[in-house]
Every structure is written in C-alpha cells, then in structure tokens.
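Please go over the structures that come below.
One chain, chain A, links the two complexes that follow: it is found with chain B in the first and with chain C in the second.
Take a look at the complex of A and B:
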C-alpha cells in the first residue's frame, strides 16, 4: 500500500471514530414533542453516518462520470481507470446508503421501505450502477469495455438528478427529513460539529479506498503488459 | 469539390431505409402491436379486481405495456444492422456520425408512434375509458413527448447493448433505470388526465418530460460518436 493512501486511510479512520464519539456522547439527542410527551429520537444518530455516506457516494459517482467524459475526450487509458475506480467506490457507498437508510426508515417510520423520492432515487441508482458492472462484464474487448463503461457512467450521472426531481412531481408522497436547505443547515453547535467530522472522515476514507483501487487497477494492467511482453519475447 | 448533402437529407435517408426495410419485412410494427394488445389482456386478467378503478391506474398500465413494447422494438432495430453488417455500411457512408443517431432515433420514434396510434384507441375501448376532445389532445401530446425520450434513450442504449455478449438481455437492464424519471412523469401526466386532476399538475409533468427529452437528446448527440466508432 502506498504511503499516501495509508495516511489518508488512517486520517479518515481517526475522524470517523471521532465522529462516532461526537455523535453518541457530545451531540444532544433530538427530542420531538407529541401530545405534551417528549420522545427522544435515538434513531436520529444514524444521520451522522447515513448522510455523509450518501454525499460521498454522490461525489464519487459524479467523478466517475467526469473522468468518463475525460477518457472519451482524450482516449487516455488512465482516465478510464480513474472513472472505473470512482464508480466502484461510489457504488460501495450507494449500497451503504441503502443499508443505513432502510434501518432508519424501519426505526422512524416503522416500515422497511417507503416509495419516497430519495429512497426511490437510491434504489434506481443501485440498479443502474449494478447495470454498469453487468455491462462491463458483458463486453469482451478491452477497448469497447472502456468506451461503453465511460459512456454509461456519464448517462447514469446525468440521470441521478432527473430521477430525484421526477420523484417529487407527485406532491402526495411522504417526505424525507430535510436538513440542508437554501437557508443553511438546520442544526448547530455540537450536532453540526459531529456531522462535519463524520463527513470529512468519510470523504478521506473513500478517497483512500479510491487510491488503493486505482493502484490495483494499474498494477494489474502492468502485469498484463509484462505477461504479453514475456510471451512475445 | 464534393457536393455537401444537407443534414436533413442525410437523416431522411436513414429513416427511409428503415421504413423501406419495415415495409418489406413487416415484422416489427405488427409484432409490437400484437405484444401491446396481449399485454393488455394479461393486465385485464392479472388486475381484474381493480378494473373498476381504472381512471386512477389506467395510465400506469398503459405505460408498462408501452415500455416493454418499446424495448422489444428497440432491440430489433439494431439486430439487423449488426447481424447483416449494415452498421459497417452506415459507418462507411459519408454521413455525419451524430446524424446516424437522429436517423435511427426518428425511425424508432415513427414505429413507436404508429403502434401507439392503434394501441391507444384499443386500450380505451377494451377498458371502457373515455376522454373529452380537449383532454384527448393533451393525452396524445403527453404520449408523443414521452416517445421522443423513449426513442432517444432507447436508440442510444440499444446501440450499446447490441455490442455486448448478452444483447437482448442487456437492453432492459440499462434502459429501465434510465427511463424511470420519464416513466414517473408520464404516468403522473396521463393518470392525471384520466382521473381529472388539475391541468396545472399535468402541465408540470409534461414540462418535466420535455426537459428530460432535451437533456438526453443533447447527451446522445454528444456521446453517439463514441458509441459507434471503434
């Protein structure tokens, strides 16, 4: 493992642990009032992980699309590897979003699943990026695999916001809690601190994963190249 | 000096080629129409309990049938090109690459619309639905707007899927998640029209479909060259 990814991974891990500590021991519990009774919403704690994971997944999926476009524009193999590694890391985080999200819906809404815009968006996203991997594995020729992968990563990245907006067309559906609005974040002090620490921890951790994956892809290609050289020689 | 053929003529040449092929073989449109009608029969039996509530769910049924029918047609549209080497011919012809996309897309749009021209009245008759003349116009407009998106995304993705090992199986996997936003809006618009919802909401969905069409037309225009060139 390279030094840079090791440092990033450790920094990320430290921040994530700090995030856990802040979330559970420092940040106040959220309390809702229902009929003069105060209910502590312990399930809200998952927010400190669920949202950073979701935002990290978006960052990497968008990067995957951008690198894909750069590959098509320049035909440099390194961009294709960057795009693939970014989509892979993004997809892991999408799966984590689904898992943490479903846990939360069960705790807060008492159902495992609700057809609500964000949940629908993420389910579609999961399926769409699963399709990305199925597509790549279904193309034999390396150059075509790279091309189609890059093209679909762009199409998929474009489709994410569209799915989200479409989900909101129907105004009768239940609404996911909104934390960040145009007026700024609706939390403060220790809660915001815990959230931001988790957020940056998650991003650093994901970046280290990304760098490791990229190294692996490059090493694999080097080996393939050397093998061919040996056979020819 | 080479005589520059206008873009419109180049696109038209491809559409004409597809229409001629269809007129001679007659295999696509009729099969697609039969598929839609059969899907309606399947629905009527599978969802017999809600047949009295069709004002609210009819739009959805219609779109499920159209979606699957369009995938059937989109798959076909490139099978010939690929199997009989037509795609190479198209690529070697002096046609601008993005225009090949618009040609194929318009062909698909045409076939889709022709099938629906027959399928929609049959749907209304079979399920005993009625629409006033003014609403019928909006209904047709919604379907046509959606067809543009379906043909656009479908043409782009079926060109990719035809080049994979699994071919016919790959198209739905790629196509369905990408078409979901359009499906949501189309169902919301047609369902709204049939259940007598506020027209403002219907228009909002239609605007969304138009935006979706424009975005994916641009995406396809930008990407198609990379899809077909080796």
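Take a look at the complex of A and C:
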C-alpha cells in the first residue's frame, strides 16, 4: 500500500471510530412524544453513518463525471483512469447507501422500501451506474471504452443533483428527512460534531480507496506498455 | 422504534459498512500485489532483452 493511502486510510478509520463514540455516547438521543409517553428513537443513530456514506458517494460520482469531461476535452488517458477510479469508489458507496438505507427505512418506517422521491431517484442512480460497468465491460476496444465510459459518467452524474433536489421538492411529497436546509442544520452541537467527524472520516477513507484503485489502473497500464515493448523487441 | 427493536438495524448498518469497505480493500490489495509481481517480472524480461 502506498504511504499516502495508508495514512489517509488510518486517519479515516480513526475518525470513523471517533464518530461512533460521539454518535452513541455524546450526541443526545432523539426523543418523540406519543400519547404522553416519551420514546427514544434509537434508529436515528443510523443517520451518523448513512448520510456520510451518501454524501461521499455523491462527491466521487461528481468527480467521476468531471474527470470524464476533462478526458473528453483533453484526451489525456490519466483523466479517464481518474474518472473510472472515482466512479468505482463512488459506486461502492452507492451500494452502501442502498444497504444502510434499506435497514434505516425498516427501522424508522417499519417497511423495507418506500416509493418516495429520494429513494426512487437514488434507485435510478444505482441502476444507471450499474449500466456504466456493463457498458465498459461490453466494449472491447480501449479507446472506445474510454470514450463511452467518460460520456456515460457525465450523463449519470446528472442523477446526483436530481436525487438531491427530489428529496426537497414539496410538490413531490417527500418523506425522506431533511436535516440540512438553507436555514442551517436542524441539529444540536454534539449531533453536528458526531456527523461532521463521521463525514470527514468517510471522505478520507474513500480517498485512500481512490488512490489504491488509481495505482492499480496505472500499474496495469505499465504492464501493457512493457508487454508491447517485449513484443516489439 | 426503541433500543430493544432498533439495535439490530443499527448494528447491521455499522457492520455492513465495515464489511463492504474491508472486502473492497482486501480485493484491491490482492490485485495490486499480483499486478506488481507481474510488473516486476516483465521489467526483468525487458532488461534482459536490453
């Protein structure tokens, strides 16, 4: 493992552990009052892991689209590799959002799935990015694979703002909670601290994964180059 | 949903995050090690050929 990715992974893991401590032992519990009874909503603790995972997936998917656009503009192979690595890491987090989201939906709403705007648009996003990998694996020629992949990564990245906005349009009757609004965060200090620590830890860990994936792609490119050298020689 | 009913979901969320991330790290590390071995042997072959 490269030194930079090792440092990032370790720092990320430490922050994630600190996030767990803050979420469970420092952040106050969410309490709801039903018929003069106070109920502690323990499932709300999922928020501290689910939301950072979702935000991290958005960051890497948007980066994937940006690098894809840079590849199309410059035709530099390194941008295509950066785009692919970012989309792959982003997709790992997309899968985690689906897993953690389904568990939270069951815990909070007592159903495994709800066809509401945020969940539906995120499902569309997941299916589109699954298509990205199918598309890449179905094209044999390297330059065409890079070109199609870059175009698809830009188109698919449009889903990120769509998913974000879908959960905020009142006309669509969203039931997904809105924590961050233009008026600020609807959280107290310790809750916000727990969230930010988890968020930052997740981003650092994801960046270390991205560096590892990029290393792998570059090493494979070196192998192809050396193989060509041997054949020519 | 109170603690008694909610804790399996909360633990499930946390464990699934770490399980998926660790599996991905292990897969990447294995692939990197294999690719670096291949890179090393190819570099030696190129050197031998001059």
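The working rule: the second predicted complex is superposed on the first by the 218 of 233 C-alpha atoms of A that agree within 3 Å, B and C clash if a C-alpha of one lies under 4 Å from a C-alpha of the other, contacts with A are read in each partner's own complex, and residues count from 1 in each chain.
Everything that follows uses one rule, which is that a residue touches a chain if its C-beta (ideal position, glycine included) is under 8 Å from a C-beta of that chain, and two chains touch if they have at least 3 such contacts.
Only a predicted model underlies this, so the values are computations on that prediction, with no experimental measurement involved.
Chemist: So, does A:124 touch the first partner chain B, the second partner chain C, both, or neither?
Modeler: The answer is first: A:124 touches chain B but not chain C.
Chemist: Please indicate which partner A:167 is in contact with in the superposed arrangement: first for chain B, second for chain C, both, or neither.
Modeler: Touch partner of A:167: chain B, not chain C.
Chemist: Per the contact definition in the header, classify A:43: touching chain B only (first), chain C only (second), both, or neither.
Modeler: Once the two structures are laid over each other on A, A:43 reaches chain C alone.
Chemist: What residues on chain C touch chain A, complex-wise?
Modeler: Residues of chain C touching chain A: 1-3, 5-7, 9-10, 12-14, 16-17, 20-21, 24-25, 28-29, 31-32, 35-36, 38-39, 42-43, 45-46, 49-50.
Chemist: Residue numbers of chain A touching chain C in their complex, please.
Modeler: Counting only chain A, the residues touching chain C are 1, 9, 20, 39-43, 45-46, 49-50, 53, 92, 95-96, 99-100, 103-104, 106-108, 110, 205, 209, 212-213, 215-216, 219-220, 222-223, 226-227, 229-230, 233.
Chemist: Using the touch definition up top, name the residues of chain B that touch chain A in the complex.
Modeler: Listed in rising order, the residues of chain B that touch chain A are 156-157, 160-161, 163-166, 170, 173-174, 176-178, 180-182, 184-185, 188, 201, 204-205, 208, 212, 215-216, 219, 223, 226-227, 230.
Chemist: How about chain A: which of its residues touch chain B in the complex?
Modeler: 72, 124-125, 127-128, 130-131, 134-135, 138-140, 143-144, 147-148, 150-152, 154-156, 158-159, 162-163, 165-167, 169-171
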